[in-house]
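Each structure below is given as structure tokens.
Common to both upcoming complexes is subunit A, partnered first by subunit B, then by subunit C.
Coming up: the complex of A and B.
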């Protein structure tokens, strides 16, 4: 029997001009956003690939040069845009795209598209995820506000129940049709995004893309289920469908438009991220306070470690005192080794602040499923701060490798030379920077709590809607 | 003959207000019973109790022996219901509305020829059957409502002011159809304000007042004037009574 109700509901939905119009507008907006996003991020990916190759060429062609000078000349690590960034750019526009890998410093990423855009330009950068997050509730609420209130108001509820069906079947059919419409719309755009992601200049594996697309579809589906529950809950509670519509529009404005912004603002106030000037002054202060005296045991141990690693064998302190090494090269590498922990701790603290911001927003997600969805969506699109941290950490390992190769060459080959120059072929010993996107397991770990919140939203909203419908829906 | 619709000491109270007080009423197969009474007399409450939309405070409502309160869904399957305003889905055609409600009721034959024959039987124009019901007149909607009741092959029909707002021709057609259905064996209980139409088509008339059944009359023994007189006597309106007597 429920299939007949579903068929009738679907027929009504398909004949409702307002719903058709909104669905078409959403689909067009989504596909336009997707195409615009894909063109933008594919271009960014191509630029990153080109720039990385160019950087490699320039580095290899520098001829004879002092290795430490080359370490300061540095390399660039270009972050390729995630293939799914065209679906959900997440935090990527705010996190920077290029990290300068140089001696002594772990630099923050440069070139943040959001910071470089004019305010009006930002408005035009609408993403598919943003459109779905904001407009799916409108579509679902438009489909659901009169689902029960309207039936009661127009008397069809009485007619339907008299025909011999139950409130449960009526509720289930309406729930299925409303939720299916929203989920279908989300699924179409996510599948289109995944297909386009496979054809990006820098693509993920097909399996990874599929798992991410399935995850995204599931999250948006649960979001739609929560919205459907809300719509039916309000529709069952309100005597008139017009009242239900007004209440739902109010919920939409608060939960989708206001709370995510308030949450982000409170999070930024609670866990402020230092700006560029602060980063440098705090970093210098941390490094200065960590410096140890050259005659200290810790410094000597670092020297022993550096030389042993360079030679590939254990060197005692006594042997070290007799070795003919380039003192400048040794000092530079020892300083690098001693500073690694400070630099890494500093950046770990910054990323802890990002995590703190996310935790604050999660409190707001208890009031709005849109926030939990934003977290889960950007995690699976590979555009959240966790994905950026992954890139930053890989880039830092590369920086460590470059500086080590430079310093060890100076240390071992520059003994006695007043100005040591490495040969023109030496630069090929520096490994090329290649970046592999993090596995999807990182996204699961990053978004596990948000996924749980979304599931809770879906379950609670649906259970509440059903309970209220069963107990309070009267003719 | 056993009653298809049966109220046994059926009562409904809302707080201290008694909407229906110990009603005992039976409607047999093939019989049309009309309930007359002013607004608030208990007519719609009686129908809602038979439909299972209200729970009785005392007594019980039975449909072909099935207690409405204990097995509402089964009882409703035995009923056809035509309210004052037949509620249909406006974007669906008459044919689609009929099919939908018949499917919900589990009717065995839902072929299009059968659906069209039902609409034909209630006098709905075939061309109108495929138009959205948002374009229907009230009379056309009432006809679809009756077709739904027919399609269910219900044993009893409950009609709540079905003639209200119908033009005389449509009301005549509707009443004639009710008579046909009763002759086919349906038990019909109709609430109405239309005394004369009630007398014409019913076998029995009951007069309700303040939740009580104050009179039960055989229609065949009445003419219009006597029915009006009895009705007004029960309504205790001396001025109107005087006017009717003159």
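Coming up: the complex of A and C.
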């Protein structure tokens, strides 16, 4: 019986010109967004690869040079773009693309692509994910606003129910048809994006990509289910389909267009990020206050640690006092060791503030599933700030390795020399930076709460819709 | 019917309903929040500028004291070999915040508005150390008055006015209403103006209130003129949307058709056209990658360091007037630093020129493409009036680089010769100050698009009137 109702509902949906038009517009926009995203991704990927190779060549061509001077010249860690960025670039255009790895300083990533973009692009998000987030609710609401109210208005509801159709089957059929239309549209674009990601220059493992794609499909599907529940709930509550349409459009405008922006603004006010100049000023002060006197026990212990590590064996303080070492090299590495924790704590505090802002936005996600979806979607596309933090932390480890190799060379080989220069082949000993994308488990951890919120939205909206429909739809 | 009568009728039918009041109150609350959020962002920028100026001023005060001690002779405790080094001079630079900067955040959250100018820092690093803002917040964008007007105002106008005639038509009472001796044209326009007028009244009152209530470094007098331009832009933008609603309503279709048609138009103008054109323009006119800029800078830095002696000789040949002081006290590494940075800046200038050229090409294209969407026209005007447009930030960045290049020309020979600056020379050097364009220059860029919107509005009014003259009410005897 239910299959007949589903068939009838599906036929009505397919015959509705407005639905067909919106679905075609969505597909065309999605395709354009995907191609534009892919072109952007491929361009960024190519540039990052070339730039990394160039940087390696320049670093190896330094000739004879003081290692500490070379540590200031440093290396560049170029961030590869996530292959699924063509589906959901997330916050990636607003994060730097390269980190300067230099002595004494942990730098933020620089060169945000969005800084070179047109300002009119900030009115809305043209990525596939952005299009789906904004237009899927519209499609579902257009399909659902008259599903029950319209039938009641035209008198066909009474006819259907008196013919022996149960309320449950009617509700289920309408729910399935509306939701499956939205899910099908989302799935097509996500599958296309995943296929492109599998053939990208810097591919994730096939399993990882598939898990991410499946996750994305599931989240957008739950989003659609929540929207379908809402559409049917409002349709069941309103006596006229016109009123139902107005209410749903109001919900759409507030939940999708207004609340994400308002949530972001409130979050930025609740957990403000200090401006760049203030950050450096505070960082300098923190570093200065953390420095200890050269004759203190802590400083001596740091010296002992540095020399033991450089020689690969334990060195006692007594032995250290008799060793012939380059004093500058020792001092430079000791300050690196002492500053390491301060720099990391400082960045941890910045990332905590990002997380704080995300938590505030999650409160707003209680009013809008679009916010929870945006968090989960960018986490699984590998374009959220957690993925960026992973890159930044790996780059910092590399910075420490580079600076350590330079300082140890000066420390051990520069003893007695006033101006020590490392040989031109020395630079090959410095390890090259390689970056592996974090596994999908990081995305699960980062988006677990958002996924839970989405599931709650889906379950509550559907349950409410069913309860109201059951109570109000009687013969 | 008098206007008072119309108002009474509309009050009972629409405006006076609790739902309308809730809607208008919500709109007013969002506007107030938007304005206060813009103000909060502005305060953050002003605080940052104050801190930046104080820091640079403190650094330079120490530098000057040391130089004064050196020139005065006597106690030389604060004097070092670097005393008077032009390489150690720091200039504070910032983009002055415009009188209406709290009304539109624009690109101020993503583009640089302050920097320390120093010959010790190559161009590539002047603005690259300021990227700490939460990227997700930047992506979602700040909620300000500009956003509220561009996105929400048309939506609210649509919600309030979409069923001007169709509500009566759907209820089969339009004939009855018109039989009271009211012309369809009078009914249509009076309803439209009264309903949209309520929305605009709320917007204008809140905007004017925020103009005077929110404290600013600018006097209310300085804020009034840009506010009038802002209001003019708002009214033209609103007029466009009101006539679009009129146009759709005049086709005498069901309410559902009206709301869907209007929503599609809103979606196209506010969401699809701006983002799609932005994506297309960025593909057609790609910006040269910043990564190649960086690669070029590093290659040049390495080459310059390896050929430093040649660079110094070349510089001396270019400046034969320079007196090389072989006994100079200024450390030699400062000269190396100057020569390397100068070489990097010169080598990367063509790349920056490419950036500027690409930005100009895109802006020129936007100049044409903005006619496709009233939202693009309004956004451009609001950002310019608020002084937070990308163009103004780019001019600031260019002027900082120009200033640094001029300073480098001025003191470069002395740096290479190892000569310190004298206090008299230092006092002759003027600090950085931003050369801003006038409001009329900014407005001139937007005059034609605004006139275009007005033209469209006028054409729509003519079409609506034409349709209303041939309006046919089912069941009504002519």
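Basically, the second predicted complex is superposed on the first by the 468 of 475 C-alpha atoms of A that agree within 3 Å, B and C clash if a C-alpha of one lies under 4 Å from a C-alpha of the other, contacts with A are read in each partner's own complex, and residues count from 1 in each chain.
Everything below uses one rule, namely that a residue touches a chain if its C-beta (ideal position, glycine included) is under 8 Å from a C-beta of that chain, and two chains touch if they have at least 3 such contacts.
In this text the structure is predicted, and so the values were computed from the model without any measurement.
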Review point. Is A:43 in contact with subunit B, with subunit C, with both, or with neither (first, second, both, neither)?
Key: second
Practice item. Could you look at A:58 and tell me whether it touches subunit B, subunit C, both or neither (first, second, both, neither)? Key: second
Review point. So, does A:16 touch the first partner subunit B, the second partner subunit C, both, or neither?
Key: first
Check your understanding: In the superposed arrangement, which partner chain does A:109 touch: subunit B (first), subunit C (second), both, or neither?
Key -> second
Check your understanding: Touching A:164, do we find subunit B (first), subunit C (second), both, or neither?
Key -> first
Review point. Where does A:5 make contact in the superposed view: on subunit B (first), on subunit C (second), on both, or on neither?
Key: first
Exercise for review: Mind working out whether A:156 is in touch with subunit B, subunit C, both or neither, as first, second, both or neither?
Suggested key: first
Revision key, fill the gap. Of subunit B and subunit C, the partner touching more residues of subunit A is C
Check your understanding: Where on subunit B is subunit A touching in the complex?
Key -> 51, 53, 73, 76-77, 79, 81, 83, 85-89, 91-92, 96, 100-101, 103-106, 145, 148, 152
**Study point:** Contact set on subunit A toward subunit B in their complex
**Key:** 1, 4-5, 8, 11-12, 15-16, 154-156, 158-166, 474-475
Exercise for review: Mind listing the subunit A positions that touch subunit C in their complex?
Suggested key: 18, 29, 32-33, 36, 39-40, 43, 47-48, 50-51, 54-55, 58, 61-63, 65, 73, 76, 78, 90-98, 100, 107-112, 114-126, 130, 134, 138, 142, 241-242, 245-246, 249-250, 253, 257-258, 260-265, 267-269, 271-281, 350, 353-354, 357-358, 361, 374, 378, 384-385, 388
Study note, to complete from the structure: subunit C contacts subunit A in the complex at 30, 33, 37, 40, 44-45, 48, 51-52, 55, 106-107, 110-111, 114, 116, 128-143, 147, 150-152, 155, 159, 170, 255-256, 259-260, 263, 267, 270-272, 274-283, 286-287, 289-292, 294-295, 298-299, 301-302, 305-306, 355, 359, 362, 366, 370, 375-376, 379-380, 383, 389-390
